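Single-structure report; data block below.
Chain IDs A, B and C follow the sequence of writing; residue 1 opens each chain.
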């Protein structure tokens, strides 16, 4: 088991390293983004440009430059933006992280609760029109482009029905921090939470439902049923508990990706200054240091979630360790 | 001017009278509150000596001062230069070459340090040390500037700027008399900051200033916060009046559509962006009292790179000029009440402006209709048909729509055009750099001060073309030796005979238009859309809405 | 995952996220039954699945309508949907009206494009901010969206099958290298790739063998989307190959002296092709959502060409005054993706009746 964990750790490090190198190379292959001119400021003469290149190590071979940038990012932690001169990268990430966490955490609560309810409902009424209806509603949710859904929500809540009783409580687009006003935080995030969760409810309900259906066929559930335990208790006590494994592992992967900035489009549409928006802006600005920081940040969570889920599986199922 | 425009001007005149009558003590009940501004993206560096965007120049009015300032007043009054940190506007001596400024005493920076002669001298040197975008044009006439431009790091402006701490005076010596020098000292690049300020672009770190407000925090991804300067005492209502709101916050990141909706809902007080044409109808009827329209001296145009195919061919450039339907462009911007079609560089009403339009159905003084047949023929003659052209624009709604329209026109006259919208944050510098090989882009130019040279010489003079630099405001890379020589002549002539100089500028305007380094689209009017609670809207023709002079309660 | 749509990232295709992630693990642990002659059986099962067949019809209607886009534009609507039409006019109730009428009320500012007329010959769904016919653009856009989705899904399934088989069958170093590669692609942000490539291509074209990529080429979104999803399909296929290798009939074939290639061809490939086919409609669904997201970030299809994503982007500016422009393409995407998801489920049920994820029993 320990060896498996160690191997997983090494491969995690490898993936992160490769991604940072790839990002770095892609950026330097992009023309018109020579950072020296921008760092030096407007109208810089050739001499100044040379000095800047030297100061920032931009005249060194690419591997050295890569090393320098990583050093600034992780060791001295004073990496600054190429576009917004003087703005340090790490504080930008740490300030954006709580916004993304708030968004993802709330959405996750909603989608987990809703999907368990829907999955249970569908499994209990398996084969009936209720089952079909619940599953179709879930599928519709996952078939919509999230940015489009967000725009439509904005249209209704900020414009068409803003002055009606339904949406008059909706604050302006943007984030309100929890410490500033917990109630404002909740109001500002409720619609983004719902929008984001709609995209997950359907799939989680399906996963849960099929796991439940399968579990119902298992011997121990049959035994429980034979013992005369009511159908509801069988469902809640036995089948649900075992079915949650697939559910939880899927959740781990999604949650990791979202915390890393995967909710990019939701953040952009609702004007939330989270990791996703930061990534989006830095890409628009071709701002390499911020791009690097956010990409590594995102990849870290994706890879971490993967590793954790794999480890859990390995703990539960020894056969996986060989694979 | 539209009816609305007249109405607004009248209003602001009334407001001015009221303010002038009360002088400072007025409307104490309106003091306080937070003014909430929206912009799609930040305007880059916050260094007043480096930033060259309207977005921040507008805000610098309330935070920074120079020796001189444009009067903080509505309408044409705003073109008047008044003494700011200097006690009075001196008359230059020594044949117009020597300016002696006596500093006011008792003024403090927002960090508490008193303003001294030393700060003024250091700030004028700092223009060169931070390589301010206008250092080579606006301030190159100061004695010693040449050495400073060559070696910014060791800039002293020896013989050019002399401080006398005892007399509390600063003397500036020019190489030659310059009638525009007072304007140049009144724009943000000549801001006075503390002597200890870093000698490189301060970027996102706000510098202390002497204005009624100071920048408390700046995060280009999120917001800019301005608070009352605790050390500020009004010394000249005309130069730096006290403001009404306690705090001014500009937030970034929402789409312009969402911003307009937020202002309609009263969630925000103003949007910096151009309101898209389809929303104008609604705000012009339902929210008419919150809309302020003002004529401007500015123009929207498509600079064409005269050094890159296909636009290194005069006929190709002229073809674009003939083909562009200015009415369509005006429609994208918001209709004839917000813009007037134009073919030339100098906007109507500007010194040196004479109506001229060779690129229309019946060439003459005014644009009437596009001549697509002629355009197609010119493209054919130029032999550039079928070439690829990329139209660059910033990625806000109006500019993007303008780029898509341009693309459609280029395709129609025989090119293979594509569109590339770029984030506003980097667009302005990106398209200037010749390394990026931008063939044509959607631009707009708003005056720095009311002089023909600010359009013709700055945008199309050889001296503003710097290949390979991010700061090459001559987007077209246009450098025509005979025309440039005439510009220098006109600049010199302006010292002695302004009227004669303006006649010459009108001729230069025609020559540049004939060479077509750009296709002019229209002269815009400026529209501000504010929330219901904003009172005392004052529009300076120089720096637009005087943000801090409006109240929110 | 981030970047390929987990989360509200473009795809949120979720349907597949579960199929891919869960499926990967499932097939690594479970034995997949091998039908004797599955195709005829599968077809019959699929045909009996009413909902899937209904969705197949919906999909067919959408595809035919999109293919007929030029007919609609030239012979019904008489419009060129790729040309700015700011001064154009059209006919409503027998009267000629401008497509972009200038506002005459209030301060007389601005112009709002004509709204839906519900008349197929004259701006059925109204005009966009360039005065172009939205209905015609929608059909043309559908062609691009479907083309990109299909081509990308084909690329994904094709290369995923190859990679999955190579890694699973030969194991060892090859498996190690390929699996790490898949890990990297899995965690790499798709937007970064898309934005950088589109910027590079703005200034010079670049070639990969016989393929020549140019700015605005549809190949760009196709390749990007096709490549980033390879791990989703390759991982489960690798797992399946691993388990197949240990099965009696493969071991028997090898014991009888069958060549490696023969085993690969007749025993492995024929079995995993089923998996690839099961994934195809689901990948197509994700790919269409991803395409929409990339276009929404203005890095997919370049104007004046359209895709459903770019039309949503165009409509975003008109959302508050002419919401049809943004809502119509969104509905088109949602209906198409829904049909693909249901159909995909149907295909899975038909080909692999013991599959764990099913909408309807």
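In the analysis below, a contact is a pair of C-beta atoms (placed from the backbone, for glycine too) under 8 Å apart; a residue touches a chain by one contact, two chains touch by 3 or more.
Here the structure is a predicted model, which means the values were calculated and not measured.
Using the average of C-alpha coordinates as each chain's centre, C ends up farthest from subunit B. Each chain gets a centre from its C-alpha atoms; the one nearest the centre of all protein C-alpha atoms is A. Between the CA-based centres of subunit A and subunit B the separation comes to 41 Å, rounded to the whole angstrom. In terms of their C-alpha centroids, the spacing between subunit A and subunit C amounts to 22 Å. Between the Cα centres of subunit B and subunit C there is a gap of 46 Å.
Residue positions 203, 316, 319-320 of subunit C are each in touch with at least two other chains. The multi-chain contact residues of subunit A, meaning those touching 2 or more other chains, are 31-32, 154, 159, 284, 286. In subunit B, the residues that touch at least two other chains are 261, 395, 436. On subunit A, the positions that touch subunit B within their shared complex are 31-32, 34, 37-38, 40-45, 48, 81, 83-87, 92, 95-96, 154, 158-159, 162, 171-174, 271, 273, 277-278, 281, 284-286. Residues 2-4, 255-257, 260-261, 275-286, 288, 291, 293, 325, 327-328, 331-332, 334-338, 390, 395, 397, 401, 404-405, 407-409, 411-412, 418-421, 436-437, 527 of subunit B touch subunit C in their complex. Chain contact summary for the complex, subunit C toward subunit A: residues 1-3, 5-10, 12-15, 17-18, 21-22, 25, 28-29, 51, 180, 183-184, 186-189, 191-193, 195-196, 199-200, 203-204, 239, 242, 285, 289, 292-293, 296-297, 309, 312, 316, 319-320, 323, 326-327, 329-330, 333-335, 337-338, 341-342, 356-361.
The touching residues of subunit A, when paired with subunit C in their complex, are 11, 14-16, 18-19, 22-23, 26-27, 29-33, 104, 126-127, 131-132, 135-136, 139-140, 142-149, 151-152, 154-155, 159, 195-196, 199-200, 202-204, 206-207, 210-211, 213-214, 246, 249-250, 253-254, 256-258, 260-266, 279-280, 283-284, 286, 291, 295, 298-299, 301-303, 305-306, 313, 317, 319-320, 323. Every residue of subunit B that touches subunit A in the complex is listed here, in rising order: 41-42, 44-45, 50, 52, 130-133, 135-136, 152, 200-205, 219-222, 251, 253-254, 258, 261-262, 264-265, 267-268, 395, 422-423, 425-426, 429-430, 433, 435-436, 466, 468-472.
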